[in-house]
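Letters A, B, C, D, E, F and G mark the chains as written, and numbering starts fresh at 1 in each.
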């Protein structure tokens, strides 16, 4: 109940915002909003001890039980980590935003979206039901969209929002498909139930496809290569949003998903390679690209991508432990997962601080471009402190928490090379190498952040505002985060025991003891390979930073048009172009073309199938005799019909049509249908009269010039259509399995009191048809009336029909 | 004329009712009508007008005249159609009629048009002049004029 | 007596005919048509409830037992559609009250709308294939008039294309009926199903089924949708919305009945064909929506996409796909009506149709903008809005049937839907406002009412999906077990 | 010279009665012989059209001052009304009742609601036919 | 062969005669030189043929079935009355819409009355141009 | 006779198709009219031709020809009449507004 | 015997219709077509009468009268169209 309340509270608060906004105009809306995450954080924190004791909290509320979609809230170690991050970082970000955003902004929108996001994110991590998880998952995309587009008068904001939404929702759709496969394989949407009955899923044909689809969802959300391209553009959002969604929480939803489904998919080769491979690639690509950025926020965005890759790859490495089932050996590989969880938290602390730092700089000097920044150290000492601590932690330097998890990451990559599964023995060495190279780049951009912003010469003329230190309120949140950065370094095992260990139990539910998988974290762990690697990073990093000017042009060697972003734009644009051209080509507004498509389809489908199934049959023996006068009439009709084609004058066309109609009437006579004959005669006459009446307003027939090939096509299509109808008709005539139901109507006199069978059918047996046919006629008559009486006024350029 | 006819119908109906026969049908009614005709004939002088069936007889006479004309001149048109040389000169001529009133004029025009060899193309606004198209103006003008005379007389007889 | 089944069709007809006498009293016309719609909606709800207790209901007109007479059959599938169609029509009428204008109202606008609905409801309810043709014609004739009503140059130009294609399609329908009668010698849909089963659907019957496929594909916009984009973008907004909500649905409904009830026995031919057509429809719709530059083009191609989406369910044919299709049909009627009402109102307010020429509407009309946003999310299938559950169930069916290509196309299409609608939202609602506060056109009050009601339905259908689940499941069960339907119709003891 | 339509007008004055009589006959004969509401309506409509052809719109309208749209609407109401009436007697929709009624003066007669239905059909046909032809002719 | 059969045969022969007349007049429709002459062939001979036919039919039903067909009689009367009106109207319309008489036609009493003024105008114009040329 | 009628129907359908593929609206409308003729004949033919007498009880002896298709055709005739009437008026209104009845010249792809 | 005669007559009527059809197609003037069409109608009347005899039914006799009416109306309409361009007139001002 409490958990459900935690999910609901932000939504309720969001709903109340318009009210509060109107009531308390002179109090910053953020203060009210701040209550929500603070309350939730405190509430959740009370659960920490019980979670650490291995308790879990489950509760099910029925939503759509018919289709197995129920809101099952589930609080365990894994969701605890994330929920604490969401509410904790959330509190700090809102506090920060109170000083960052002026009351002139449309705050009610901002906080509404933010609360929406918070609720959705809590929903994601608390949901056991895959469908409900998906519901909240998409809600995070939506609220993220709204937040990115917060300053929607900016073109870049709109573009960024669109890109983010398109990519994350696409991933979500793929994930949905994956979930559905899991459902079909397992018969349940409950993650716990799936895990409880793993064999069924793992032996199903859907296993690998489902895994890949779920990963697509995770990778797009967590900005993994090559889907990361939305994240830099998402930096158009206000900085608190970037700090919150696009570094601390939402982008980690993908990681959460990977962690959550590791018990299901982990241990499979595809999972291992996909998660760790993509993660490592993202780690490298993000750090590599961060170095070339001039915008501090863009730099942080790429750094976030890179760090997310790091965490992702660690989960991938850790999943290998599941391959063996439980053994003491496997515990070694679970360390990677532990490191992942650890770094997840660490990253939130230092990256949150850094984002806020950048926000402060932006706020106070009006630019984030490192080419215009410099020398701010003395003017903004507190901000500088935050920057140094955050960057150092990110670079993996002691005495900050980043150092600990970074070392553990190196350990994991080194350990994995020892495995002889998944062909790791041959190419496993790539892991530590790439990890190291990426760390070098990480080091470089961390140095860039600090050096280019706070050292060097100040350039006041290139800044928007005269620089000075940020107001106190704005500094509170980053300082709290920085405090965590240091605090965790000092007391890592508190975190390990109370927070990380229960999460390990969630990821490896089949392993008996979580304590066993919880290593003792120590800053000093001997003079080992990892430490050498760290030294190497520093040495090479410093060297490369010094020579940055010399090798930076190397980035230019990658042509602008080959960046992923450019390719994305190009694919979108060119497919838009192609789609437009193709669509306009066939939907060209010319009715004749449409008829050609229809007829060609008609002939292809029907004749095609008839040839395929050999449906032709013809048996004239049952036919009635052909009287000579009938034959003559048939020829008259054919002659009239063909003459219509060649007729030059419209009146000829219409009169010949009349001849056809009269001939049809005569056939009705010959074939014993008196009512039809009467009706047809009158109707045909009236129709002909209507033609003549409307000729007053219609032009004379023109000589239609048509090319030979088009005429040939027309003739071919026409003959094909006619032939198809004829062939089906002949086969139909030869089909006599069933007796017509009409015998029944021959009792019309007894049943309906009429001797004219046709009339009794029309007036009684099928009177409903007649009733409606009268309605049809009436509509047509009324329609003709309105068509003539209600004319568009001339010069009335109504947009309605533009 | 109409009055007499209605009385005749009335008598027939009376007869029909008086018979009080459940199987009464059209023949009963016809016999009643016949009886009525007899009665009317006996009493027509009281009405001060002609016996109405006399006019019916005249109508029949008119029709007979017409049918004879129709047949005789049909043959001539058919001949002309089948004549390989097609030796005739069509044309339009006028005719002043003595008849007056819409119905008289109309009847004459109908009869004229029905007889082959002539079609009434226009009637002047005062209903006095017919413009007639003739198949063979030289030959048929005479015969047409002769028939017109006959028709005019017959029509006058009927309507007076 | 089950006479109640006929009310959703006959009451609109009678009202329409009565309104002809009131054409100068506009207020009264509005009241009467609204009351009629409320009545029809109420009747449908009652009917839906009755079916749950009494099973499939039918009314044999004049008391002639099937297969000889005409009858209406009410199962959950048809009544759900009747209910939705009537609801949507009611909302569109409310919209029309404040937007359509006196000229149209005096020219029998309301009667034509009611006739349209009568045709639609009749098509959903009839159990006789020839009567289906007649009901189609009632609907089509009304739509012909509505599409051309009061039209200028372009409206008439598109109208004639629409009418001509549909006329040809109708005559092909008759050809199909002739072939059907020539082979099966009966017209009652259940009886047809029985005879087809008896004959084992031999190839000739499949040919007949394929002719019906072509006919209903034309009507439903499945692959043969060429009439659709032009005609959907020219009439007045209320009419556009009605068209978008109702017209293709009737064709799709007929396809469902044809290939689940009457000709279900050669799925390797018929359902494969439907699957291929559905896939191509999705692709074509996506291309159109993706490249569209004006709001109407984007909206109309979205209609085409959803046709493909729903037909994927038919091609898949599992029970969950059927349930999904039912949900999605309901969702799509509501959603497309709202979409067209909203974009029509955008055009009305700005006098523009090209997306990039409208800007910043959300500042002037905030609620309007957010309703658009919600509608967009619903159409994309973002939970917990209406498109979600249908999409999930269809996807589930696709997975069960291992129809991965269709699954990919169907799910992929929602991304294009998103992309295309985002284009509108971002460009037209977001961005700098180009209209001054003073110059702004007042939002018609009735319009807002209809938007809000439709949005409530959309949200309600998503969040309260369970509320409909019992009906939807029943509908899906009947669709995948035609014997239930056949038995209900041909069992004369009832 | 102005056109003199004396022949046409005189003939039509007589002929139109034949047409109307035939129309009525067909309408009533329908149940047992060819005919019925639809054909009857068509023939009656043709008769009215014949009048319009012979005379001008105003003259005919003076003699028949109907709004033919409303005639058609009444027809629809009659047809649907006779159908829906059965609902109130708790018999299936569209059920036609027929019976032998002893009417004063006319005697025992076979009367059926089908006749009302067919009358509705006929009126709709007449109304629609005339509406269409008149409106096209009047368009300018 | 009894009397009835004989009469039936007569009726059939009447019909055949009607058919022959019809074919000949249709032949006339093809052969004759202008509308007016063709209308002679059409409206009259065709009328004659239909009358023969209907009369034959009337007799046949009367004799064979003992059925006096009021409808046939009405039909005969109707055709009788309306056929000439049709012929008259079409010819008049043709003339007024300036369909020319065939080459080699004789007098044309109508031309002057209907188109007199116009003809005069045309004549004046022609004379004026002739003067100019001179 | 049935086969001959089916062939006739096929020919009419072919002619109708040819006309429907024309550019002139009048030809297309006449095409639809011819198509409806063809369809009515087809409906009549599938019911079987000359298999019985006129479906009037008492006036002819059983067996009667299949009356059901006749009733269907009657309905179809009425509907096609209604449609054609509306179509004609729509066509000329369209012509008066657009100044052309040529479907090729009308143009109008949806993204104007 | 009678049957044979009647069928021969029918064939002749069909031939007559065919010949008239030629005139409908060929024209050249509108009145030509009108006349030819009228002739076709009248020939159809005869043909229906004969078919009625052949089929031994009275069911089609109404058709004869109707056809007569229609041919008449049609011809009036046609000739008015030819003559005045309009079919149904408004009361002329003078």
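Operating definition for what follows: contacts are C-beta pairs under 8 Å (C-beta built on N, C-alpha and C of every residue); 3 or more make two chains touch, one makes a residue touch a chain.
Since we're looking at a predicted model, the values are computed, not measured.
Between chain D and chain F, the least number of touching-chain steps is 1. Among the remaining chains, those touching chain A as well as chain F are C, D, G.
Of all chains shown, the one whose average CA position lies nearest the global CA mean is C.
Looking at D-E and B-D, the interface holding more C-beta pairs in contact is that of B-D.
Greatest Cα centroid separation from chain F: this falls to A.
With centres taken as mean Cα positions, chain G sits 21 Å from chain F. One inter-chain figure worth recording: chain B and chain F are separated by 44 Å, centre to centre, where each centre is the mean of the chain's CA atoms. Rounded to a whole number, the gap between the C-alpha centres of chain C and chain D is 37 angstrom.
For the pair chain E and chain F, the distance between mean C-alpha positions equals 32 Å.
Looking at chain E, one finds that residues 25, 27, 39, 43, 47, 74, 78, 81-83, 85, 88-89, 91-92, 96, 113-114 touch two or more other chains. Touching of two or more other chains is recorded for residues 580, 587, 589, 591, 595, 672, 674-675, 677-679, 682-683, 685-686, 689-690, 693-694, 697, 725, 729, 732-733, 740-742, 745, 755-756, 762, 764, 766-770, 773, 775-785, 787-789, 791-792, 802 of chain A.
Chain contacts: chain F has residues 13, 20, 25, 28, 42, 45-47, 53-54, 56-59, 68, 72, 74-75, 78-79, 82-83, 85-86, 88-91, 93, 97, 103, 106, 108, 110-112 touching two or more partner chains. If you check each pair of chains against the touch rule, the ones that pass are A-C, A-D, A-F, A-G, B-D, B-E, C-D, C-F, D-E, D-F, D-G, E-G, F-G. By the touch rule above, chain A contacts chain C in their complex via residues 62-67, 69, 131, 134-135, 138-139, 141-142, 149, 152-153, 155, 158, 161-162, 165-166, 169-170, 173-174, 176-177, 180-181, 183-184, 205-206, 209, 575-580, 582-583, 587, 589, 591, 593-595, 597-598, 601-602, 605-606, 609-610, 613-615, 617, 725, 728-729, 731-733, 735, 737-742, 744-745, 764-769, 772-773, 775-776, 778-780, 782-783, 785-787, 789-792, 796, 798-802. Within the complex, the chain D residues that touch chain C are 69-70, 73, 76-77, 80-81, 83-84, 86-87, 90-96. For chain C in complex with chain D, the residues that touch the partner chain are 1-3, 6, 10, 13-14, 17-18, 20-21, 59-63.
Across the complex, chain E is touched by residues 1-2, 5-6, 8-10, 12-13, 15-17, 19-20, 22-23, 29-32, 34-36, 38-39, 42-43, 45-46, 49-50, 52-53, 58, 61-62, 64-65, 68-69, 71-72, 75-76, 78-80, 82-83 of chain G.
Residues of chain F that touch chain C in their complex: 13, 20, 25, 28-29, 32, 35-36, 39, 42-43, 45-47, 68-69, 72, 75-76, 79-80, 82-83, 86-87, 90-91, 93-94, 97-98, 103, 106, 108, 110-112.
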